[in-house]
Amino acid sequence: DALATIEKDKVIRIAVPQDFPPFGTVGADMEPKGYDVDMAKLIAGKLGVKLDLVPVTSANRIPYLQTNKVDLVISSLGKNAEREKVIDFTTAYAPFFNGVFGPADVTVKDAAGLAGKTVGVTRGAVEDLELTKIAPADLTIKRYEDNNGTISAFLSGQVELIATGNVVAAAILARNPPKKPEIKFLIKNSPCFIGLNKNEPALLAKVNEIIATAKTDGALDAISQKWLGAKLPADL
Amino acid sequence: MDEFTTWDILRNLLLAARWTVLLSLVSFIGGGLVGAALLFARIGSGRIGPTFVKAYVELFQGTPLLMQLFLAFFGLGLLGVDVPAWLAAGVALILWSAAFLTEIWRGCVEAIARGQWEASSSLGMGYVQQMRHVILPQALRIAVPPTVGFSVQVVKGTALTSIIGFVELSKAGTVVTNATFEPFTVYGLVALIYFCLCWPLSKSSQILERKLNVAHRNH
Amino acid sequence: MSLIEITEVKKRFGDNEVLKGINIDVAPGEVIAIIGRSGSGKSTLLRCINGLENIDEGSISVAGAQLLPDELHLKALRLKVGMIFQQFNLFPHLTAGRNVMLSQMVVKKTPKAEAEAMAKTMLERVGLGHKFDAYPDQLSGGQQQRVAIARALAMQPIALLCDEITSALDPELVSEVLAVVKELASEGMTLLMVTHEMRFARDVCSRVVFMHQGRVHEIGKPEEVFSNPKTPELQQFLGMTH
Amino acid sequence: MNYTFDYGWLLVYWPVLVKGIGITVELTLVGGVLGVMLGIACAWARALGPSWLRPFVAGYVELIRNTPFLIQLFFIFFGLPALGLRMGELEAANFAMVINLGAYGCEIIRAGIQATPSGQFEAGASLGMSRIQTFRHVVLIPALQRIWPALSSQIVIVMLGSAAVSQIAAEDLTFAANFIQSRTFRAFEAYFVATLIYLALAIGLRQALRGLGWTLFPRRTAR
Amino acid sequence: MSLIEITEVKKRFGDNEVLKGINIDVAPGEVIAIIGRSGSGKSTLLRCINGLENIDEGSISVAGAQLLPDELHLKALRLKVGMIFQQFNLFPHLTAGRNVMLSQMVVKKTPKAEAEAMAKTMLERVGLGHKFDAYPDQLSGGQQQRVAIARALAMQPIALLCDEITSALDPELVSEVLAVVKELASEGMTLLMVTHEMRFARDVCSRVVFMHQGRVHEIGKPEEVFSNPKTPELQQFLGMTH
């Protein structure tokens, strides 16, 4: 029982991203920070145990969980049926507004308008799953290893459009790049979930309880204000 | 997001490069020891030793190091063995280096003329004596340049340990790029640091090789 | 009594029977030249006597002891019989002196000082006392071959096997090596040498063995063999080279 | 840990794997052929070419051999567009593999050329052949034959190294494994299958190169 | 008129003056043996005549045309003068036939069928018509050297330079190569050969050149040179090798 172990050892190990601003990134001191990191801190605080942050990538975050090297994965995970066969998900802890972005001179208004275009996306991210679902037949999707690849591909002109979170796009805009990613249309508001191993009902219940409390007592809203610059949406 | 100065970038990359250096040292030295043991099994008489080493080399030279690292770290975890990342990275890199070093060294031993074996046999020396006094001293000399040359591959190979959570030079490059959105500066610096680590090794390998060729003619 | 007894020795490489039943008895102090065409099995015979190749049938005994193919017997044999090769096979990483000292120290466990004294003596004997500290690649071919002889002698063998030891030498260096061998012969060393130097064979050897297709085709005193070859093969062989 | 392996996804995702294998093979073929050709040209330039050309080739070789392939790939794919030179991910991957193998091949082939006995150059010259003719007809084939095993190993290394091209969204075998694990979270199974396929590809490639060696170079009899 | 005129040729390697003013005129059809100690400059002289080394002073002309060190002139020269080496230098990746065909096709642009016919003829001429498809390492040394001769002949040179072409051969293979050379001589080919085969030089050559320390020390008909050496150096040299 993972929860018992956590309480016994007085430490919880949580996998967080470090290449996905504003959810997980690093400061000049190379310490992780971001929405997911604050969420991890919140959970550890509520459990009253020490927090052990484990930086992961999209390729290895699930193996970390499966080999018991971490107890939770807070890594802006999106949920689908296939994934649910492998791990369990808590209730949603963060909103994720993802959309298709591109320079002003490219006119696209909806998914159908993507026909014949090339869109860059971060492989395995929420927007990858969602865009794949709605993509017209002759849309070319280029899937990059991490967010950095996706952004670099857009900035260097290797793809015309990218699908990503609006906060990510805002982060790019903030750096005033030669190519400005403007919103073309929203794909879907698909929230993020915390992942944990199957057959851990106690831990799942506990984390769900912490999320529920945080939603009502404004803690989660604070995190949202801090990293996303917006209130937590009511329907989360 | 803008708090990174170029100095911050460089400082963080250099700090991460310490891991690259440490990992390289561990894998090179460890790989050398394991490689030497494998070498003896490979060139010795008997059936099992050579066959085992051949299969070993085939496996480690026939699959991407990336996959080896992944399976070493998480595969062992699945079997219930909890290895820390540095240990898994070290072990995988050591086994990988050993496969290459043992092949390099075998080539060197086999490059020693048959006449040397025969002359030492005819003087009454046994296998171990021949190896110790006649073959290895000569093989060692010709092995130095390619061995030093291979250390460059080890340094570059450490880049792949990021898959198991190691923040060494390459990974630090990616992480910092994500925080700064300055891929050109960051990757330029990363390439530069790698070059500074590797080039002296390549160069000394070349110099050693040239020296050896000259030394071969007159001492 | 014979020092080396070779009885019905056969040796095959796969399907190729290279030695087809060789019989030679060598008396102590004899100097035997082995001649014959390329591929007739001369080198193979010497290598069998030194245990570098295992024989398939027959027997070889040296100083009364049978040649058996295990480490211990082989080592004992090799202490009695030295071998010198066409390609010298000096150890390139050791000086001339060290080349001569190595096997004494490693195989016989001779103390260093003693081995060094022996090496000095043996190098003197082949006229190279002053080259003790030279590396092989600082020596001419003839000098290298003489070091190789000194190295073999330092093990104090009762017989020496020489396989075309002058064939890799420039013509003007051949005589210096043959002079050393002649000296050894005159001192009573038992020698078996494969050679193309017919004049030397005639002048120095006590017997000549003509090998042909893996057999001892003719054997006898040099005068007989060279002046009065009995078989057409030997006649042709001698005509061919002179 | 009682993890149950599940390979059911193979039924759904096998086309992704097949496509990945196809791309890896294609990259290896193109990279191998063009890379060896570039290697030959550079080896010629370094060993026998005009002296003004040598430092340039040496610089290229040193640069490539002392930086990781991944960083080269990023530079070509993300960096070159800044200079107005844009390549798709496959072209960029191919290009990176060609210049990578070109640099390593250069050094290997150069060793083969330099091991050519001077008598071969002289025999060519004394028959009236020009330097280029001698190189092409007399020196090259035996030089390649001499270093063929080393060159083959390098080609296999480059094939395995091509795993990195998944980072610029080239959909090779590693990309396929990553893609599958990102959908199914079956990372072990995906990587394990990919590893086996790589092993098979490496063994197959080595055999193919050995066969190619047999046909390119005349059989050498013992002695 | 002379076919090859060598006038006051000097050649230095760094400080080492290897040729110190050589003068030799070779008439068409002459067969000249060049003898001398190792290091006396014999090979260097032949290599200068073939343009493999540039000369520092003096001049060499072949069939009236001056030897100049640019690609074009060199090529023209080499079409007139063939060279055969001690180490054969066959191209190991080509069959005997292809070895003979290659330079015809590459240098003279001879069509393949014609080059092949020529190669057949030339291999027949050296007695190796049946080895057209054999690779060099499937041939004995003597056969390889004969292929090398055929290869040179296929370029239809007006003179052949031979540098110790039998020195790398086993003794029993020497005669087969010398027989081919003798045949060429009798057919009127102009030959310059460095050789250690004194008997052959005496029997076949029209003149013998004895080189010593970079100079032509003695020159004359073989009978004179061998039976009546004038200088002590030549006397010593002849004593040494015989």
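Order of writing sets the chain letters: A, B, C, D and E. Residues in each chain are counted from 1.
Here is the rule we go by: contacts are C-beta pairs under 8 Å (C-beta built on N, C-alpha and C of every residue); 3 or more make two chains touch, one makes a residue touch a chain.
Because the structure is predicted, anything quoted here is derived from the model rather than measured.
Here the chain-to-chain distance from subunit B to subunit E, counted in touching steps, is 2. Counting steps between touching chains, the shortest path from subunit C to subunit D takes 2. Shared contact partners of subunit B and subunit D, listed by label: A. Centroid analysis (C-alpha atoms only) places A farthest from subunit C. Fitting subunit C to subunit E on CA positions gives a rotation angle of 175°, reported to the nearest 5. With centres taken as mean Cα positions, subunit B sits 37 Å from subunit A. Chain geometry summary: the mean Cα position of subunit D and that of subunit E are 45 Å apart.
Subunit C has no residue in contact with two or more other chains. For subunit B, residues touching at least two other chains, in rising order: 70, 74, 77-78, 183.
Looking at subunit D, one finds that residues 1, 3, 74, 78-79, 82, 187-188 touch two or more other chains. Pairs of chains that satisfy the touch definition comprise A-B, A-D, B-C, B-D, C-E, D-E.
Note for the complex: subunit A touches subunit B at residues 18-21, 25-28, 30, 54-57, 59-60, 63-64, 66-69, 146-148, 151-152, 155, 171-172, 174-175, 177. Across the complex, subunit B is touched by residues 50-52, 71, 74-75, 78-79, 82-83, 85, 87, 89-93, 102-103, 106-107, 135, 137-138, 148, 151-152, 155 of subunit C. Across the interface of their complex, subunit B is touched by residues 1, 3, 62-63, 65-71, 74-75, 78-79, 82, 153, 156-157, 160-161, 163, 174, 187-188, 191-192, 194-195, 198-199, 202-203, 206 of subunit D.
Put simply, subunit E touches subunit C in their complex at residues 37-38, 170-172, 175, 196, 240-241. Residues 1, 3, 9, 74, 77-79, 81-82, 86, 88-89, 166-169, 175, 178-179, 181-188 of subunit D are the ones touching subunit A in the complex.
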